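Chain naming follows the written order as A, B, C, D, E and F, and within any one chain the residues start at number 1.
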Amino acid sequence: MENLTVSQLTKDARFDGLLLVRSAERKLDKNNRAYVDINLGDRTGEINGKIWNWSDTQDTPEPGIAVEVHGIVQEYNGRLQFRIESIRAVRDTGAVDMSLLVPGAPRASSEMLAEMEEVVGSFRSAKLRALTEEMLRMAGDRLSYYPAAQRMHHAEYGGLLHHTTDMLHLAEGVLKVYPWLNRDLLLAGVILHDLGKLEEMASDRFGNVADYTRDGQLMGHLVRGVVNLNRAAEKTGVRGEMLALLEHMLLSHHGEAEYGSPKPPMFPEAEALHWIDMMDSRLNTMKGTEDKTPAGAFSEKVFSLDRRVYHPRYTDEAE
Amino acid sequence: MENLTVSQLTKDARFDGLLLVRSAERKLDKNNRAYVDINLGDRTGEINGKIWNWSDTQDTPEPGIAVEVHGIVQEYNGRLQFRIESIRAVRDTGAVDMSLLVPGAPRASSEMLAEMEEVVGSFRSAKLRALTEEMLRMAGDRLSYYPAAQRMHHAEYGGLLHHTTDMLHLAEGVLKVYPWLNRDLLLAGVILHDLGKLEEMASDRFGNVADYTRDGQLMGHLVRGVVNLNRAAEKTGVRGEMLALLEHMLLSHHGEAEYGSPKPPMFPEAEALHWIDMMDSRLNTMKGTEDKTPAGAFSEKVFSLDRRVYHPRYTDEAE
Amino acid sequence: MENLTVSQLTKDARFDGLLLVRSAERKLDKNNRAYVDINLGDRTGEINGKIWNWSDTQDTPEPGIAVEVHGIVQEYNGRLQFRIESIRAVRDTGAVDMSLLVPGAPRASSEMLAEMEEVVGSFRSAKLRALTEEMLRMAGDRLSYYPAAQRMHHAEYGGLLHHTTDMLHLAEGVLKVYPWLNRDLLLAGVILHDLGKLEEMASDRFGNVADYTRDGQLMGHLVRGVVNLNRAAEKTGVRGEMLALLEHMLLSHHGEAEYGSPKPPMFPEAEALHWIDMMDSRLNTMKGTEDKTPAGAFSEKVFSLDRRVYHPRYTDEAE
Amino acid sequence: MENLTVSQLTKDARFDGLLLVRSAERKLDKNNRAYVDINLGDRTGEINGKIWNWSDTQDTPEPGIAVEVHGIVQEYNGRLQFRIESIRAVRDTGAVDMSLLVPGAPRASSEMLAEMEEVVGSFRSAKLRALTEEMLRMAGDRLSYYPAAQRMHHAEYGGLLHHTTDMLHLAEGVLKVYPWLNRDLLLAGVILHDLGKLEEMASDRFGNVADYTRDGQLMGHLVRGVVNLNRAAEKTGVRGEMLALLEHMLLSHHGEAEYGSPKPPMFPEAEALHWIDMMDSRLNTMKGTEDKTPAGAFSEKVFSLDRRVYHPRYTDEAE
Amino acid sequence: MENLTVSQLTKDARFDGLLLVRSAERKLDKNNRAYVDINLGDRTGEINGKIWNWSDTQDTPEPGIAVEVHGIVQEYNGRLQFRIESIRAVRDTGAVDMSLLVPGAPRASSEMLAEMEEVVGSFRSAKLRALTEEMLRMAGDRLSYYPAAQRMHHAEYGGLLHHTTDMLHLAEGVLKVYPWLNRDLLLAGVILHDLGKLEEMASDRFGNVADYTRDGQLMGHLVRGVVNLNRAAEKTGVRGEMLALLEHMLLSHHGEAEYGSPKPPMFPEAEALHWIDMMDSRLNTMKGTEDKTPAGAFSEKVFSLDRRVYHPRYTDEAE
Amino acid sequence: MENLTVSQLTKDARFDGLLLVRSAERKLDKNNRAYVDINLGDRTGEINGKIWNWSDTQDTPEPGIAVEVHGIVQEYNGRLQFRIESIRAVRDTGAVDMSLLVPGAPRASSEMLAEMEEVVGSFRSAKLRALTEEMLRMAGDRLSYYPAAQRMHHAEYGGLLHHTTDMLHLAEGVLKVYPWLNRDLLLAGVILHDLGKLEEMASDRFGNVADYTRDGQLMGHLVRGVVNLNRAAEKTGVRGEMLALLEHMLLSHHGEAEYGSPKPPMFPEAEALHWIDMMDSRLNTMKGTEDKTPAGAFSEKVFSLDRRVYHPRYTDEAE
């Protein structure tokens, strides 16, 4: 019998298989006996579980570790809860296919990176090419696993690349309709716009973000991106309008002060970048919500959208 | 010597040539003598002028008429003003090339209409095809000349088609990136989203909007579009989810209550329609502003954007 | 000993009598034993209860069914909870006086309907009479039981009629003060303003709304009302200003974009309709809140009012 | 030939008759010659005028004085301007019918005052009767001529009484629909709610407000009303809940912090007072706007309403 | 072994010592057995506790009473909970050092009061001196124990004096930088600005606020302050601009309508008062939050600040 | 007879003396004759003037040049206008006392700079000292003449130093009241907070700002300050928390997103910096407004404050 994925679990289901520990904490029950409150996941989702009667001498399972678990799914206060009967860390980690245990982008990071580098290589503006290459160099291999957000959209292994390359494809479509836009500038803006997130969030190598960093909270990824861009400019000796335009695009891509941009987009490429970013993050959020909602039904209210989402049946037959 | 266009006029320039009367009013000066306050335009812009010493027996020039004018450009209170020395209506209107006198879309209306109809013909959903065809039939030949707005964006002969077909091209790009979107629904939404404007604004056959209609002001084009769609549905016998989805897309395409949509977009195609509309109207406004602003300079504050726009030089050489 | 109503229940009270099942769900307790989580009500209110040790073979009670229950009221986390000792569906439904089990308007629906029809019959404007009569015909007998809202105000059997006829009475008072208002228009607006709710919410025949409909969520009752009005207009052949005025009144009666009206009221009768609607819905909400708050005390914060409500003693003697 | 009223004046009309000086200022023209910039009015409206070639030894006309003027109406920058050929103060003021020269309420102040006092006399609550009587005593004869506002609504001789008595009539209608409201409290609130305006604005005896007072600007009429009410309470020895309720009604009658009420209405009578006030001030503004707008047309945007107003034709025949 | 303070309690800690009962309520557990839900505190904080198996004949402990308790600290749903094993009221209250059981200002009330009176004594303006002295007289000995707020900032015995005297010190600094400010007026404003809180909140003699008063909720401390000031003015015979200025300062010190001030500060001393008040209340809140947050970490989101607070390490060595 | 200052000019006054050209433009009058539209100023203010009949061969006066002018003050459209009869550039600029012709800070720049450097020298934190010194070095001698704003507050020669040193004095007062604040951090924040303005605005050496720079408009002084701080950090090798804290203070000192800060102040020193900045800029604006308003009167509405300002008489005698 093939195993269920986390998204397939329902009340009363048994589960016997591999999961990833996302977080775990030792607690005391009402009778002062230790138990472990644990979050376990695979690439399709996450479930909370309890391990009762945890001996005082046992170590609490560590986040990021694959475990073999056996137990049954119950419901508590209207939410599923995994009652774990046994749990065992997998020693031979080489034998674990991590791609089954963490959500990930649909394409390989190497492929997405290569595509991005090819785009940069095609820039006619030497300044934009130099700045973008230096920024990618500074980003280094973190690019291959960082998600685009902690939750909300593209919260997955390689999610930042996923988000960025989808935006590149959208930008190509936009450039066809408005050939007067400066191609290099728009594409450089797309590639660089979220690189500040590499320092705003602390991600492990599976694209899992435990928290925002101190500097991320004190500064945000927009301003961090601008600061880094200036470092790249100093190193490559780039100055002048092209640098100012790119700085402005990083700073203004959230569109409004209310959403973190101290300046609104003030030229067409900055404006286009903002809408392309909105389009991709919103459609990713909507798709994720639809995937969890039966056709013909409404989701709960989605916090980041401030509305419920309807999953249409999309057929002429639907009443 | 070739004639100047209105956008090329500067202080002290002479102008001798054809212009279109946009509006004109007979007034009295301080000494109680009649003069005519007139707005004249060609496809590049509009200028205010005065015809002093207007005889009481002369008729005031009528809007929409081509006139041959002679005069000199002056400045008054920081604005250009055309001091008209002589003005004469062109009798032989067949000899006038109207395309030089009114702003117009870059492509022929017939070509844009044909493209739109081809898209509709390709719909797999019989319901969406029927609804869209009926709505286009109801729109009739007004489509060929209506602008997309009175001012702001695509305020030109054929502007509504211009706006709609550019959005269709954007939508094609979006569909490539998100192949899970329902193509028919998104494209039907694009084609229908602004058809309510045909009744919201009163346009003459040159795409010039003198004012909003009574019903336009009391109801707006979003709700008017939904009402018309229901008429089309009754006629074609279409019911069920597909109709409800299209209704919602028309109603929600401004995105927020503050901008006139009583419901926010609640499924991915509605969300995509909103961003595609924003992208096209904003970039059209930005391009129009840039065209009037010298490279390397900022425009005045643009009311509909609530910001100034910068016209970049876009070269590596720019300081 | 006469039985308590739900609003009279307090901690430690026993209850033995008839209640209506509003909703019920079978769940598992911590020890994996089935119980039923149930909401029961009468015309004065609603209480949550638990039926422990529910056998696996028993059917969960159905919403809308009258039951005879015995049990005791306890408190859990600061809220009353009905611990049900026995429950039995009433077979002989003819013997049940439903008016005791559901909240209802203070007057009979037939009486309110007759009053409304008399008002319509008195209209001097043939167009408004025709439109209003057709709209009432389309509403049919749903009018007799629909509430005016799911919660908040007039959430009761016949509540929509209750709300509408109270507004008619308010309007009569307003017309006396401002005799220059168009009587037919204002009263037609009152009668039609909320009819779109018949399709926005799904009510059972007791005026209980389980949920909003798909089309209600995608479109809202304001726009649905305008669409229906256009259907009535097509059927009755009414066109022109009178139709446009009524459309606008339906669309603008929430007063501001923020509250769902894409257009604000733009003539006196539309403005008057808005305030009459606010007056009646707010005073109904306030009265309902006062009824649950002891004199001399403040209620909890009422969500729809965004404030606490004070219940005055209203006597010269009160300190 | 009967004389025109100010509201009937159009371009090129002659006027020879009596007007009231509202304000006047001596100025210099470009050639350094004195002229008088003057605002003149009658009960239907106000017009700006110029008296050229004003001799240096002449006194500037004083506001509040009736004058006999002769001149012609011109248009300047799209506005009517009265070119005054001769102007002469009326010595025998007894011969002037002031009611033709200032806008006024439709009923006599004495009649409105008597009605208000009768209402107070009918109060069952001795406390509310004492407080209201004392407040009216403090208001004194200013009540007979004060307007309800400087512009906007009820800006007329006796306007405050006009506004208050119309609200009393509205309140009577409201009390019929909700007999559970405390009559004395609601009516006392209506009578007292705007009395603070007597100190917020400085009105002459014709109901013309030149400006707000210093204390009016620093404190506003809501808080001033509460302070005065406390003075009345001290004098009459009233304390306790009734006083607190009235204080709250005065303070909260603008409904929201944004409109000057630091507290929202927190019991039904306070809520009702707010809506009655909105109803009367808004309908008065709308009526005034309609009166200046031809049937079938839209007004300019009305500042205090933030919208244009439509003047309907109100007939079945209107297209 | 010295006893722990409440702020030092952690999971599994035992506590045996004196605490103050802040609130207590008798409840029933699932098995219908009585227990007491109690909040206990000392000067460093507050903890919730349960006393299981409470006999039906025992009285529930009264708020404001010192008790000797024994028990153990547990964790329930992520919060600490004190499981009380025994509890006994202290009879000999003279033996209890209350300053250990309630939070208090860092200085003695008598000292702060004396300082404030010395400031008033130094006023050159006889009017401001008379008004301020009378207001302090009306405040009486409540000043010595009232807190400045129920929670948020200076919620402690003598907190109102603490807040006011710290503001006086800030004001002295401000007066040095802007010697053109009117010293008497600014300092009088500081002393009087929050006196209305004495009637807005109901505090016991330990500075513990159980709730807001009826009049506090219906009127607020700003307007109450203005009303009291007018009483003081009547008593002392003070009138004119000085009174109007002080009234305005009391009314406007929250700065914006949104925060309860119907008028914004309109002269420099009123503006200065607002910022001094913001400075002191915000820094007190921030300090309190930092004290509960480890150095190098972020607090939870603080409701009244709408943000998380970072507790810096403040050393050159910190990474 | 001593000469008038610009602030003393009234209608009909003659002026014969030295003024500074602030801006000047050649224009054509209605009869197509050239004239010069010029703004002239001294340290007390600015006045607009016209030089009629400007010969075509004359050069337009250059901004920044001292001129000797003769003429008379007239009023046009309610504003004063200087009718210039003769104007002559001063050749011997050495003879001109510029301090009379431009508004300036009350203290010498050298003195304010020295004070600021002394503060920096007293820092205990080597990191903060190094960063602040390097930032001041980068600012260079621009500090001595830059204003703090183009208009609004401290728009004067040396205004940035004036604003900063007054804030240092306020900060000293704040540090006395809250000795637990980190002194070095707060004072470093004060000194650096507005240095980004040196690149945001283009000032001439008299502190006159003609316009914002391109980079100023695209980025703003907050983010520019953070970028510069990072350059200083790279140069001085400073890293770690101290740098992050200073970055955050620069970024958050406007307090809210709406006013340009993408992050709100998140620790006490950042919060204190924000209020000190508000206090100083607001009081400077208020003082400037009062200086132009007669005692006992209200100013016009001040745009940056969104309110009118009252200039009190401040005496016990004032009614």
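Brief remarks on what is shown
Operating definition for what follows: a contact is a pair of C-beta atoms (placed from the backbone, for glycine too) under 8 Å apart; a residue touches a chain by one contact, two chains touch by 3 or more.
Bear in mind the structure is a predicted one, so any value in this text is a computation, not a measurement.
Under the contact definition, subunit A and subunit E share the contacting chains C, F. Chains compared, subunit C against subunit E: the Cα-based superposition rotates one onto the other by 120 degrees, nearest 5. Averaged Cα coordinates give subunit A a centre that lies 40 Å from the centre of subunit B. Rounded to a whole number, the gap between the C-alpha centres of subunit D and subunit E is 45 angstrom. If you average the CA atoms of subunit C and of subunit F, the two centres end up 61 Å from each other. In subunit D, 214, 217-218, 241, 245, 266, 296, 298, 308, 310 are the positions where the chain touches two or more neighbouring chains simultaneously.
Pairs of chains meeting the touch criterion are A-B, A-C, A-E, A-F, B-C, B-D, B-F, C-D, C-E, D-E, D-F, E-F.
Against subunit C, in their complex, subunit B makes its touches with residues 214-215, 217-220, 222-223, 226-227, 230-231, 234, 241, 244-245, 247-248, 251, 257-258, 260-263, 266.
If you check the complex, the residues on subunit E that touch subunit F are 125-127, 166, 169-170, 172-174, 176-178, 180-182, 185, 239-242, 245, 264, 266-268, 271-272, 275-276, 278-280, 282-283, 286-287, 290, 296, 298, 305-319. Across the complex, subunit F meets subunit B through its residues 27-28, 30, 32, 214, 217-218. Listed in rising order, the residues of subunit D touching subunit B in the complex are 11-12, 74-76, 296, 298, 308, 310.
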